[in-house]
Amino acid sequence: MLTELLRATRAHSLALAAPLSDEDAQLQSMADASPTKWHLAHTTWFFETLVLLPHLPDYCVFDERWPRLFNSYYESLGPRHARPQRGLLSRPSLDEVKAYRRHVDAALADLLPHAGDDARRLIELGCHHEQQHQELLLTDILHAFSCNPLLPAYDVSTPLKAVAPDQAWLKHAGGIVDIGHGGSGFAFDNEGPRHQALLAPFEISNRLVTCGEYEDFIDAGGYREPLLWLSDGWAAVQAQGWQRPAYWLEDGSVFGLHGVQPLDADAPVMQLSFYEACAFAEWAGARLPTEFEWEAACGLPGFALAADQAWQWTRSSYAPYPGFKPAAGAVGEYNGKFMVGQQVLRGGSLATPLGHARPSYRNFFPPAARWQFSGVRLAR
Amino acid sequence: MLTELLRATRAHSLALAAPLSDEDAQLQSMADASPTKWHLAHTTWFFETLVLLPHLPDYCVFDERWPRLFNSYYESLGPRHARPQRGLLSRPSLDEVKAYRRHVDAALADLLPHAGDDARRLIELGCHHEQQHQELLLTDILHAFSCNPLLPAYDVSTPLKAVAPDQAWLKHAGGIVDIGHGGSGFAFDNEGPRHQALLAPFEISNRLVTCGEYEDFIDAGGYREPLLWLSDGWAAVQAQGWQRPAYWLEDGSVFGLHGVQPLDADAPVMQLSFYEACAFAEWAGARLPTEFEWEAACGLPGFALAADQAWQWTRSSYAPYPGFKPAAGAVGEYNGKFMVGQQVLRGGSLATPLGHARPSYRNFFPPAARWQFSGVRLAR
Amino acid sequence: MLTELLRATRAHSLALAAPLSDEDAQLQSMADASPTKWHLAHTTWFFETLVLLPHLPDYCVFDERWPRLFNSYYESLGPRHARPQRGLLSRPSLDEVKAYRRHVDAALADLLPHAGDDARRLIELGCHHEQQHQELLLTDILHAFSCNPLLPAYDVSTPLKAVAPDQAWLKHAGGIVDIGHGGSGFAFDNEGPRHQALLAPFEISNRLVTCGEYEDFIDAGGYREPLLWLSDGWAAVQAQGWQRPAYWLEDGSVFGLHGVQPLDADAPVMQLSFYEACAFAEWAGARLPTEFEWEAACGLPGFALAADQAWQWTRSSYAPYPGFKPAAGAVGEYNGKFMVGQQVLRGGSLATPLGHARPSYRNFFPPAARWQFSGVRLAR
Amino acid sequence: MLTELLRATRAHSLALAAPLSDEDAQLQSMADASPTKWHLAHTTWFFETLVLLPHLPDYCVFDERWPRLFNSYYESLGPRHARPQRGLLSRPSLDEVKAYRRHVDAALADLLPHAGDDARRLIELGCHHEQQHQELLLTDILHAFSCNPLLPAYDVSTPLKAVAPDQAWLKHAGGIVDIGHGGSGFAFDNEGPRHQALLAPFEISNRLVTCGEYEDFIDAGGYREPLLWLSDGWAAVQAQGWQRPAYWLEDGSVFGLHGVQPLDADAPVMQLSFYEACAFAEWAGARLPTEFEWEAACGLPGFALAADQAWQWTRSSYAPYPGFKPAAGAVGEYNGKFMVGQQVLRGGSLATPLGHARPSYRNFFPPAARWQFSGVRLAR
């Protein structure tokens, strides 16, 4: 089971990189995004550093100079190459990084039959960690391609036309609900401890806001009316000149993984910041759900998770659950230290690997972030 | 009653400005702070624009050119002088601003006997608004003085030595609690609607962290250990070179309203960012309370509000309460539009006017802010 | 003679400050400009530090804490208050700075009868230094006032209408000419050594470009045609959104020391950057003169110096003359260390004190500077 | 002759790129530098746009979308991809750019036999233009490699040990000298018109300053003594933390095209800014030569041009020669528009293609530039 998860996860990363040239795989278009090659190497470094070195006797580090290149943000694991300069690493080459992956995969295969519980837990964590980077790999290469005037397509196939169900308000009676991961499967530390919360009655939409609905907001002057916006949001609109979602082009078409395509009015709107999500909700006479409302409602009949469409901004900032304690050591530098200045998103997206997300899953990004597959579900 | 509140409030602003020269009153040391003169004028503009113009027939605006100078951030009330340039308004002079105050005060006196409920509610709001600016007037002039190598004292009297009670953990049993403003007195819109929340059992400190305790944190290397810090906090420590609270000097003394004074180990530590508050709590094996815990605990026997000492950072981001709706029109641009990117502080401070704060009062600042009288109360 | 120069110079600074309030005198609207109060204090510090301390036995420094506040850029004279924060010095007050001036003036009066040649030379230098600051005092307060939406007038009198002579090209035959200060009177070190230079024949305009002529350039699309501009100039046009000279208002009027006035077509155009001066010249089928051409031509019959109108950008960068050596010690940190990245201006301006400029005088500013009284004389 | 120049030039660019991977060829480490792939494409675009389109009937543009990608700064030739984003062009691939080169080379071969004088002059210009980019290709890839902690070597061969001749001062008697390109061969427009200049007598060093001599300057505290520096230079030292030349490592070794090598005391010091060159000269009791002195002296017996070592900063800013007029049209946007804010360098460097430089050649860079092979020759 773990063997299969590991095999499939490692293979999927390579599959995602397959349509890309060596040059594509090196692109870093902003400090917040990383090159494909770096994602491939960093996820490998994670296994090497947190699994193999402590648990596989005689494991030999692939290259002593690389940990500094591929450590992301673990202060406890030594100095790191500056994040905004990841795109300057033409060496090691993509081929060398693939050799690194094979080296580490082979060592993991050696370890697996003898791995104790600790090691197995870390391998499982490494798989879920790599799945997170699989999503980022896609969002990051899409952002990089969006900076090339040729607007290349990551996937040259033709996308299917979306079908949006009729919008409906689902009622939740409120009361005391259970929040957080409960079952026995894997979850990240930030999904727990499971605890109770008290909700007032509320309604939530069965589906995401569509591109067609968002066009109405634009046509109604949504980007020109300050009273619809949070103060920071309006400042961003003016400073960045926002007039539409991040990858909507001036001519009415939309850029995405399939390249430039006609706007699909029934598809969920994506590439929205939290600010835009809030302004849209205000304009629509509604609001964003809290992350607890979202989690409590997601089992309601008719609720389309949309976990293969777009992450859904919530009105909740990313904060620790009552009793939350990060794990000791480097592994603890994973989720807890980012618990300020970010908003929680729930659901999943077309870029999320199958089986990665859960109803208790807490994704998080700063409120101005627009390069994710992030959309809106309304509540009231 | 309202008459007296208005009189006292308007008089207190002038009293706070009394120790300052015309030159002092014009200082703006950063975009986030405003000159004393501007505070005196802006609070007056608030009454002129939101009370007198709609409610006093034949009211004559003092100077047609000034509303644009003294509107703070009300998008619905027209264009504004750029915030970072408030310190460049040598004209109007402080004397002219005082004449503006007298003009508006006289008109308010004319209005009061005939004021209907709406007008009276707006006058009350104007008083509480002005009280908020009284606190900012002090924090802002203190920041400005801290930028002058002569480190002038706002108040030349000698401060009293602090006495800190022994630290004790107060127990709260958790359960469903009422949150938000309940009584009939004045409260800001963001303190409501009153609603219920569910709390897990917790303990909270009877008093604030002292300067002496914070010195221990510094001496133990708190500013050099990244694992104690939130990621954004550690980035701030490194980018800004933080090594101690904002107004602690290298020689061990502390700058404040009384000028440079010896560090008082029993006094509450202040001028901390949220990041520092969190890092201290982590180091101390504790955490910050949520704003709901704070509010639920503040009536516990032994709980020192410390509302005349320092605001207390909470672990809660500033967000709308369930069912919150800002008022319609310009008055609604008051609290709601800032509900992202900020942390809630509770309590009050030595700079808060008497009678201004309440247990349900929600102050808020960005997590990096250090120029307020902001301290730490621990929970666990 | 020196006594009279000193008296008149010191008195003139105060006269220039007379129309300003304490608040006006503290304004600093950008890092490149300084408050009036600072100019008054810095010129006094110059006498105190470079004249009185070395030459008047038992001279007592007015305030030990002030030299650090009022040293401008003399690395050899100790640490300095950061330049962009000069506007934050509400203390010392303007009154205290005036007392400082009286203290230093009295000491200079004590010294003068006994002053040796060295001291007398330094006093003379101090006077010319103060005259330079008199011009800056005016350009800086004008910039500060331009940032106030009320656009206050420094001088409330009505300006005279300009009369521009007919434009004529004056011919110079070229050949070997003498450049640099020659006579026995005072000159700055950068005006020497006097030396010879070889010029090709050229023509130069008898007068400065007028506002009317510059309007034609604007109307012809001068600010929209990149081929007229130096590369750095075009970048500035785009980044800063330049569409007209610095103090020309959108409604066709012009802001200046007399406040807002109608554009005077015959007046010389001013508040131009070097980039604008070059673009205008290119459009006019001409060029800017070199500083040597300017100096060689300024005695030609019909050449209007315009030294009471506007400084004239030259095509020469500010560089040392052959054999130039700055004086030893702090006084040497005066002109030489700025000899890169600046263009030379010649002539003088309406803000230049009478008797301050000379034909050999070399003013210098970075090419993007627009807040000086800087205009254009054409050559070809 | 022209055929051979074209063939050799085009082939040399490819030879310079040969040691680089596709990933290396895409690196852009700062806005001032460009990727190798971009240099290969831009030089090709230059021929396509300025030679083939106007002179080869029926020439078919290789790809209509590319001119916008590979136009550098020619405002008259349409909109351009933003310079700092050249490193984001993973498409077109290096292979596609090579195909572009073949397409254009073939067309140039078609044109050459029938090319008129105009076309031949433009082809010659295109070759010299491409040679300039060959030097930049090397300086830019070196800068990019310097940002990779692995510090890869462009050239894996071992460099020869340098031999520095004894330093000697060569005397020039001054007088009227001829400056600028005179002969019949190719020269850039900025090397003319040839004209006369008057020089005072001076002495100039026979050779460049060595690394050993520069070490003495460092050891003597040169980077800590503000009085040695121009004001802008000292500001750069402090803001950038300069302590040694750009590619000197803390451990005493030096990074270069051959990777990390021991410091060679006899080799000329390189990777200096103009500011450092001036500070060194000041410390050595000398100065930099003007560009006219350099040109007048370069024929003196014993004068080592060092045109295969390092460009030599001069004390001259980059300005037009008397009578200079750029060519009409796009070709004129070549040299003239950069004539402000830059210092002239003379000589040539180890990265300059053979036969490219001349004694009248004027290279130019901003005074803070350090990524070129730029060194110092002293004068006095």
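Each chain gets a letter, A, B, C and D, in the order it is written, and its residues are counted from 1.
Everything that follows uses one rule, which is that a contact is a pair of C-beta atoms (placed from the backbone, for glycine too) under 8 Å apart; a residue touches a chain by one contact, two chains touch by 3 or more.
What you see is a predicted model, and the numbers here were worked out from it, not measured in a lab.
Trainee: Relative to chain C, which chain has the most distant C-alpha mean position?
Mentor: That would be chain A.
Trainee: Let me have the rounded angstrom distance from the C-alpha centre of chain C over to the C-alpha centre of chain D, please.
Mentor: Chain centres of chain C and chain D, defined by C-alpha means, are spaced 36 Å apart.
Trainee: I'd like the Å distance between the centres of chain B and chain D, where a centre is the mean of that chain's Cα atoms.
Mentor: 57
Trainee: What is the distance in Å between the mean C-alpha positions of chain A and chain D?
Mentor: Here the centre of chain D sits 45 Å away from the centre of chain A.
Trainee: If a residue has to touch 2 or more other chains to count, which residues of chain D qualify?
Mentor: Correct list: empty.
Trainee: Does the chain-touch network form a line, ring, star, complete graph or other?
Mentor: Looks like a ring, each chain touching just two neighbours.
Trainee: Where on chain D does chain A make contact in their complex?
Mentor: 21-27, 29, 65, 68-69, 81, 85, 87-94, 144, 147-150, 152
Trainee: What does chain D use to touch chain C in their complex?
Mentor: Contact set of chain D toward chain C: 73, 75-76, 176, 195-198, 200, 202, 226-227, 229-234, 274-275, 278, 287, 315-317, 319-320, 322-323, 333, 337-341, 343, 367.
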